[in-house]
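Report on the following structure.
A, B, C and D label the chains in the order they appear, each numbered from 1.
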Amino acid sequence: MKREPDLSVELCGIRLRNPLILASGILGTGPDLLVRVARAGAGAVTTKSCSLKPRKGHPNPTVLDWGHGLINAVGLANPGLEEMSRIIAQAKELLKPLGVPLIASIFGGKTEEFAALARKLNSLPDFIEVNISCPNVEAEMGRPFATDARMAARVTAAVREASQVPVIVKLSPNVTDIAYIARAVEEAGADAISAINTVSGMVIDIHSGRPVLANRIGGISGPAIKPIALRCIYEITRVVKVPVIGIGGVTSGKDALEMIMAGATAVGIGSAVYYRGVEAFGQIAGEMRDLMAELGYETLAEVRGLAHRA
Amino acid sequence: MPTVHNLPQPFKIAEVIEESYRVKTFVLEGSFEAEPGQFVMLWLPGVDEKPFSLVNSNPVTLTVARVGPFTSELHRRKPGDTLWLRGPFGNGFTLEGEHLLLIGGGYGVAPLLFLARKAREGGRRVSVVIGASTARDVILAEDFLALGCHVIIATEDGSRGFRGKAPEVAEELLRDINPDALYACGPGGMLEAVRMMAGRRGLPVQLSYESYIRCAIGVCGSCQRSGWLVCRDGPVRRA
Amino acid sequence: MKREPDLSVELCGIRLRNPLILASGILGTGPDLLVRVARAGAGAVTTKSCSLKPRKGHPNPTVLDWGHGLINAVGLANPGLEEMSRIIAQAKELLKPLGVPLIASIFGGKTEEFAALARKLNSLPDFIEVNISCPNVEAEMGRPFATDARMAARVTAAVREASQVPVIVKLSPNVTDIAYIARAVEEAGADAISAINTVSGMVIDIHSGRPVLANRIGGISGPAIKPIALRCIYEITRVVKVPVIGIGGVTSGKDALEMIMAGATAVGIGSAVYYRGVEAFGQIAGEMRDLMAELGYETLAEVRGLAHRA
Amino acid sequence: MPTVHNLPQPFKIAEVIEESYRVKTFVLEGSFEAEPGQFVMLWLPGVDEKPFSLVNSNPVTLTVARVGPFTSELHRRKPGDTLWLRGPFGNGFTLEGEHLLLIGGGYGVAPLLFLARKAREGGRRVSVVIGASTARDVILAEDFLALGCHVIIATEDGSRGFRGKAPEVAEELLRDINPDALYACGPGGMLEAVRMMAGRRGLPVQLSYESYIRCAIGVCGSCQRSGWLVCRDGPVRRA
């Protein structure tokens, strides 16, 4: 008799009861909402990316369902570090009894801003995730750091230096060679890598002849990007040793197992919240357990990286 | 209730009705399935996209108060112009009881008219308190009357109907009206007052909340109120 | 009274009755098939990419429907220049009475191979399309030339020098900055640009724990990539003057108009043949006409680039 | 007939039947909707993916001749092992006439068995010529008999049944059998012979063609024969 499949994973020495992590920018705006996601079954939760100063973000439309996924250009709207620190502190308190770690996502326009954010957050969150990959603020901030290996490494090193907690660096798929960037941030000290952020895209309305997003260009997420995400995770885990959080288009237990087979240690969940509600977390975890039982796996370690076999 | 339009769809304006000096009703060409209390996102290309409650779904109808840049721009649109809508979104009102008391403040009366229509179609009795700061802000009174509702008007300055805020007036008349369910839509303070009143009387109550809407589909977290999503769990909530 | 919408477009001085072009690698394997596509309503047709020597391509599975699009790693199977020249000559003869131009797609492992192909094809085809963007032969040939601006420019210049007919250069979306590459090939002499080739991805089967494509990684096409393609066309047409053939996820007249609003002059059709059969061409052209009539456009020139307006 | 499985799906082998020294039938666990003449793509992870006709769709059944590396590998699979299938693909046979004559060569008899079953279920008469080079290559004869078909065996060396190629034998017996529709599956030369015969007799004929299959979904152009796609327009074609 096989044992009940065990979904727990370890990420940089921190145990998650399951590998499903709320991705940044989805529902991560308040402590009660983060707790609701944890109660719904997430293994860890990530806050909306936070900058030093508050940001209004782009005008609407900012998020749309275009048929095979979502596209968004929220423009990193957030209440700024001060308010976000309060949110994180409250959330941390409420999450502790649930045993669900908190990841604080940060971003800035300059390397020093990233470092300052990490320094000020101190050991408030369990992890810091460095968002150097948002495709939706290019007009304002230039190309994301994640599109240049040298810049990505520099930000990573600065945050690693400043941070009290493990540092996750979030990569962009909108690059020629994501594995190359992954290696650069690993060498610069990243404790983990998360990928992918959204894929740069555009949706046009033929009646007005205009891009629908106010920002024109936005980031694609959801089912359409799953094969892109799987390929990126496969390419990254071929060359790095640090654990990778696989994100992109996961909406079912089957998708989550594919991500782990591609080499991921944990799995980010974003747009699935649109398709299945907050209940997505518990449902996906349940589906993973059922599939593992059917396929005869007891732990995720047995599943991890299977797609790399010769 | 599934979303009919995930991406903004064009709807021609069939008719524009001036409800007051700062409120207009836009009757559009076309219809879709929706429940009272649900809302749509209205896109004006090149301007912005904002949430508005449905006043009717067949034909699609919105009642809009001019309060800022977007609504001012919208008020300039004429019959024949195109508006873009996606939706409907959220959870609407559930019909319960045989005699419904609706309490609306400002443009909050708009979704209540849709609710009143459904309730009257189902043969229920409907009383409505239309709240406004002054006489010229009172809207949709004729429409409720035409549906056969019992209409009570409450203005803060007493310039039309009862003097006082809508919940106060409603509470004073509550014994006479004797409703078996309360419904309210309007500013936060008003909703809170209605919630308290319902609690005191042990009446079921459904309230329609507002919050800053971005995605309207429950992912961005912009509209959350203590972990509750106005766009997806609401806008209507049982107290 | 408005006139019946006119779908005709001019590409490098050559008139197409409509902007719909059979994309390379779809049904372009024989003269009769090319003619069938032309009869079904295409404005121009492209052959399967051809190399100097015959190529067997990758083992199966090579093409799959993964739910929101296709993924393929055919590995550029083709009968080689000699046989392809015969196919092109025959096709050209049969297409002439239909007034449908023929585009010959070529690719090679070295710049000289591209040039040799163009030289030997001479003026047999109406256009030469330079495929420097196939993501599915990387293991064998290294990263596609289209991922490096200098290499892309060098191949473009060599083919431009060797070719008797207008040269279209086909770009890859798997790059950090497609507009930069576009400008490089325009400067190197490209008469037109086509974009996008497929988006690099992977599909994994959880029951076997293996990538389903024999080549593991493949190229995504179809509905899932439409927003990526629109964004690329928008970015490219913002910086180049040469006409652009917009390819990626077009399966309806609405999609085709979106592509033209993004800035495309003509529109490539690939995976739609899977979704709608060869009849896709006539159907899409009909839908374009209906929509143009509804929206009040008489020519595609009025539609082109609308999404760029301030 | 829509495709049931776009991506390869696992099917456990329930039973393996040795039809001859080089032909095995794989009966799988599971079923899906399919028509006689349709085919599936069979994937062996790490090996290759190849087309095979359905011999039955409930349970899913394939009859495979060992001719090269892939089929040799497949022949090593045992009950309990998993095969991956996508499909069904293509256009199958259409039932017409009251007395069908089926002519099969080699593993081409396989899809004809599926056709015979459907025809018999519909109460039609079925005669079948099973062609093979020699006695030990004759397959599925018992299965046709069990369905109540009139079975004629043709071997090229005359070691079993009539001597000669299947189409020759069929033509000799045509007056006696007197069918009103012809169906054939087998090597190209055989199909051509049947097509000529049908033309001479003015009989309707449906032929199942082969060609090198890659995508199986009508996009790659690999299987084309003079502009006609075996995987999508075929494999069955009226002459």
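One rule holds for everything that comes next: a residue touches a chain if its C-beta (ideal position, glycine included) is under 8 Å from a C-beta of that chain, and two chains touch if they have at least 3 such contacts.
Quick caveat: nothing in here was measured; it's all calculated off a predicted structure.
Asks: From chain B, how many touching-chain steps at minimum until you land on chain D?
Replies: Each step joins two touching chains, and the minimum needed here is 3.
Asks: Could you tell me which chain lies farthest from chain C when each chain's centre is the average position of its Cα atoms?
Replies: In terms of C-alpha centroids, the chain at the greatest distance from chain C is B.
Asks: Please work out the Cα centroid separation of chain C and chain D, and write it as a whole number of Å.
Replies: That pair's centroid distance is 37 Å.
Asks: Would you kindly tell me how far, in whole Å, the mean C-alpha position of chain D lies from that of chain A?
Replies: Result: the chain centres lie 51 Å from each other.
Asks: What are the residues of chain A that contact at least two other chains?
Replies: Answer for chain A, listing residues that touch two or more other chains: 66-67, 203, 207, 210.
Asks: At which residue positions does chain B touch at least two other chains?
Replies: none
Asks: By the document's touch definition, which label belongs to this structure's chain graph: line, ring, star, complete, or other?
Replies: Here the contact pattern is a line, an open path with two ends.
Asks: Can you give me every chain pair that touches, using the contact definition above?
Replies: So, checking each combination of chains, I get A-B, A-C, C-D as the touching pairs.
Asks: Help me check something: in the complex, which residues belonging to chain C touch chain A?
Replies: That would be residues 66-69, 71, 143, 147, 174-177, 199-204, 206-207, 209-211, 216-217, 220, 223-225, 227-228, 230-231, 234, 254, 257-258, 261-262, 291, 295, 303, 306-307, 309 of chain C.
Asks: Using the touch definition from the top, list the residues of chain B that touch chain A in their complex.
Replies: Answer in residue numbers: 3, 6-8, 10, 41, 43, 45-46, 48-50, 82, 84, 86, 214-222, 224, 226-229, 232.
Asks: Residues of chain A touching chain B in their complex?
Replies: 25-33, 35-36, 48, 57, 59-67, 70, 72, 74, 77, 203, 205, 207-208, 210, 212, 214, 270-271, 273-274, 277
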